[in-house]
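By written order: A, B and C. Residues from 1 in each chain.
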Amino acid sequence: MKKLVLGLAAAAALSFAGGAQAQGYPTKPITMIVPFAAGGPTDIIARIVADNMSKTLGQQIVIENVAGAGGTTGITRAVTAAPDGYTIAMGHLGTFSAAPATYPGLKYDPINGMQTIGLAGGTPILIVARKNLEAPDLKAFVAAVKANPDKFNEAHAGLGSVSWTTCTLFKGILGTPKINAVAYRGTGPALNDLVSGQVDFMCDQIVSVAEQVRSNTIKAYAIASAERSPALPDVPTTKEAGLPDYQIEAWNGIAGPKGMPKEAVDKLVDALNKALNDEGTKKRLLDLGTVLPTAEERTPAGFAALIKRDADKLTPALSAAPKQ
Amino acid sequence: METFAHLSLGFGVALTFKNIALCFAGCLIGTLIGVLPGVGPIATISILLPITFGLDPTGALIMLAGIYYGAQYGGSTTAILVNIPGEATAVVTTLDGHQMAKQGRAGIALGTAAIGSFFAGCVATVIIAALGAPLTKLALLFGPAEYFSLMVMGLCFAVVLARGSILKAFCMIMLGLLLSTVGTDLETGQERLTFGVASLMDGIDFSVLAMGVFGFAEVLRNLENPEARDVVKAKIGRLLPGWDDLKQSAAPVLRGTFIGGILGILPGNGAVLGPFASYTVEKKIAKDPSRFGKGAIEGVAGPESANNAGAQTAFIPLLTLGIPPNAVMALMVGAMTIHGIIPGPQVMTRNPELFWGMVASMWVGNLMLLIINLPLVGVWVKLLQVPYRLMFPAILIFCCIGIYSVNNQPLDVAFTALFGLFGYLLIKLGFEPAPMLLGFVLGKLMEEKLRQALIISRGSFMTFVERPISAGLLVVAVLVLVIALLPSIAKKRDEVFTE
Amino acid sequence: MSLNQIERAQGLRVRSTQDLAGGLFMIVLAFGAFVFTWDLPAGSLRQLGPGMLPKAFAVICAALGALLVLTSLRYHGEKLQGWSWKGIFFALGGACLFALTIRGFEFGPIRVPALGLLVAGPLLIAFSGLAADDRRIKELLIFAVAMSAGCILLFKYALGLPIPLAPWLLGI
């Protein structure tokens, strides 16, 4: 029934728009749903990328923030919209890979139920701790946590957040899922209490913590990527620091409802690719500590594979995490 | 002396023609969106972010900061004229500000708010310049336990806010706390009282609740008694505050600036408490507290100054620590990062022209807001003369579009209507919505901080008493409560005797 | 003016139906909240569960409500006043119409297409305007059109908010 209505609505929109949908997409502004409040990391990346994509497409991409339920409200709206190419969404690791294991009642299927466009950028994850924590490096820290899990307090930015997701994976790998987890509403307050030493450690995106690490108000044990980051060249990778299993990156990528016209998909992929090759856009993204996606990840198939890979990686730890 | 050198560097940056123009543009847009209910600085700043791509970082931030404190100014206009608090900090202004408007003293209320805010803004600018770095340590002294105690203290203020029965005020505070628990639990992800409605999953939005119980309910109340609403347009007093008004507001402005300035530095949006605390103080030290809630000018001057001082000192944790204390500041972090400046403890030393330019522009911005707003007072007051039969549909459409734009969720508008009905019911039952809103605003933070503190202390309530700052705040809370309760307990005893 | 309602009521010799209703209202709300949070675990002191605070607040609400009921039986206060259904129906109904039409709605068999601000705006103003006793239909209709046009210019174009304008007509 719903499909029929959507179809009718799409048909109506099509007839009113002069039947110009297939030829010359796009003929009207495109809505990009950002499933988080304005100003967050995803919102910023979406606005930077959309700004340039609009130029290529010749139509404005309008950002619509639809926050709620760890981003799943907005993604639900986007992937259940009419698949005409005029509604797309900028999601992230949480909404596309972690959500099925985090939210049991999820109303969309990121693997089979949507049309991926491509990855917009990746953000390395760091394990950071208060500056006066005894353990000098990751090995010592891991040993201390394993020996005495009850002595540690982990801070995270709320269930479903990137810091919660990545730290749950970290705790899963350590085999200590029951560390005292202190939930904060967002990264800011969590970081504040880490700087003032109220809590012991957290995992978060490099863009949030890099300046604090550089100013020595907190210390970084490792970066959970394959390579060191140019933003923090002194921080070893998890592989170098002795925890090679912990490899995770927070990323942002674009997807839309399943069944979008091929022309729309192609044009969006092309526009995204051009945006990521544009010097100005590239610089803005790199300034954020973003890792630009590989050519493979910029394609629908490559992005879908990434979603699947990280979902497989996260699901066991997230399902075992103490919740619900 | 160093401060002067820094400030002259700052003014050198802020007083270039381009930056003055950007500051003016920001203040103007900010005032506009502040006046429009629902459309807050968050939505506007995010929309304007891409426009600032072409600017240099300092200019962009000067403009965005202008939007932020411009919105604080504009918000009080709506609170005074139509009794709609756009943000939590404007709730207190509705109490006496709107009463003043009803008495034909809207111009004086608006003028007092503008002048008080200007003074507070100037003082806050100096505080940021001179004491920003040392005051940062204050923010770091506040852990979850201290925060929880601060919230408890704030709730005790709400008792003083009450105009009528204290018992009913308690009811409203608890109801506000109960409403604040709606939504997905932060720690476990379980849904509480959401009834499966998607737009309730992140809790009830402040603007939905505030616009319902204040804006919509007020419309319903006015529709019911046409006499009350006609008073507003019947007499228009003088447009700007006179010397007597200014003399009367001088001390409240000073106290409000101090209180708001201190609370603004605290992370986790301590600035919200500023106006409430200021109102409490003014009402408690007033010779005749019964004037409050009926159009006391101190009840506008103090809280408005506290609001603006807090809005500005809230920049301290952002600029000196790189940690945003509230959602708008988080957006400023976003704006800075987009421009290649990652906020952190070193912004002050690494980007001095940005830091001091922004500080200096705050003073420039406050001056501009005064220049923009004082002439507007006349316009606003004229607007009150629009017949109410046309005014309330206009209020409704502004509210509806504003609420819709918060999350782009039509259901939010329907919820606001529902809360309008709820607010109307509260009016009929003799309950006041202001304590409920305070309970609602503090409730979320309070639960969060309580749970954090108990996890860190491994379940020991002693943590609230053992930590000196926390214990001190709790003592203040008890004192406020006792002072508020004593008269009414005595009265009740008298009543028993007279019967 | 006293801080306390009881003082205000001195001299009156009627019990307060308003306080009684208010107390019962609190109890009903608290009871509802308690029932709907029944399943949520309260947790332990060391790790408070999601149910702890809602249940605690509900209990306190109910207790305060009971106290208010007692007060209303003991002390004098205000009487309950009548309702104005007209305002509720037109003003709040107008807001609901706006919510239903702005971007469409689907609830079971009821379906409303996305009409956008171009339709929802005048609809809201015209419908809610009927609530005023001194309404003038012609004036109201002109005002509805003019005001909506102003809002479209202000919100959609000046502020650039992503509000659907008229998806069925203009595609945006």
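One rule holds in what follows: contacts are C-beta pairs under 8 Å (C-beta built on N, C-alpha and C of every residue); 3 or more make two chains touch, one makes a residue touch a chain.
Bear in mind that the values here come from a model prediction, so they are computed numbers and not experimental data.
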In the contact graph of chains, the distance from chain A to chain B in steps is 1
Set B-C beside A-C; more C-beta pairs touch across B-C
Maximum distance between Cα centroids and chain C occurs for chain A
The distance between the C-alpha centres of chain A and chain B, rounded to whole Å, is 32
Cα centroid separation, chain B vs chain C, in Å, comes to 22
Taking each chain's centre as the mean of its CA atoms, chain A sits from chain C at a distance in Å of 36
Among all residues of chain A, those touching at least two other chains are 63-64, 180
Multi-chain touching residues of chain C, meaning two or more other chains, are 47, 162
Expected list for chain B, residues touching two or more other chains, is 43, 47, 185, 187-188, 190, 408, 451, 455, 458
Listed in rising order, the residues of chain C that touch chain B in the complex are 1-8, 10, 18-19, 21-22, 25-26, 29-30, 33, 36-37, 40, 44-51, 53-54, 57-58, 60-61, 64-65, 67-68, 71, 75, 77-78, 80-81, 83-84, 86-88, 91-96, 98-100, 102-103, 105, 117, 121, 124-126, 128-129, 131-136, 139-140, 143-144, 147-148, 151, 154-155, 159-163
Note: in the complex, chain A contacts chain B through residues 37-41, 43-44, 47-48, 51, 63-69, 73, 76, 102-103, 153, 158-160, 180-186, 188-189, 191-193, 195-196, 198-199, 207, 210-212, 214-215, 217, 283-284, 287-289, 322-324
Per the touch rule above, chain C residues touching chain A in the complex are 47, 104, 106, 111, 113-114, 162, 167-172
Note: in the complex, chain B contacts chain A through residues 42-43, 45-47, 49-50, 53, 139-144, 184-190, 198-199, 201-202, 267-268, 317, 321-325, 327, 329-331, 333-335, 337-338, 340, 342-346, 407-409, 444, 448, 451-452, 455-456, 458
Chain A residues touching chain C in their complex are 2, 5, 9, 12-13, 16-17, 27-29, 31, 62-64, 180
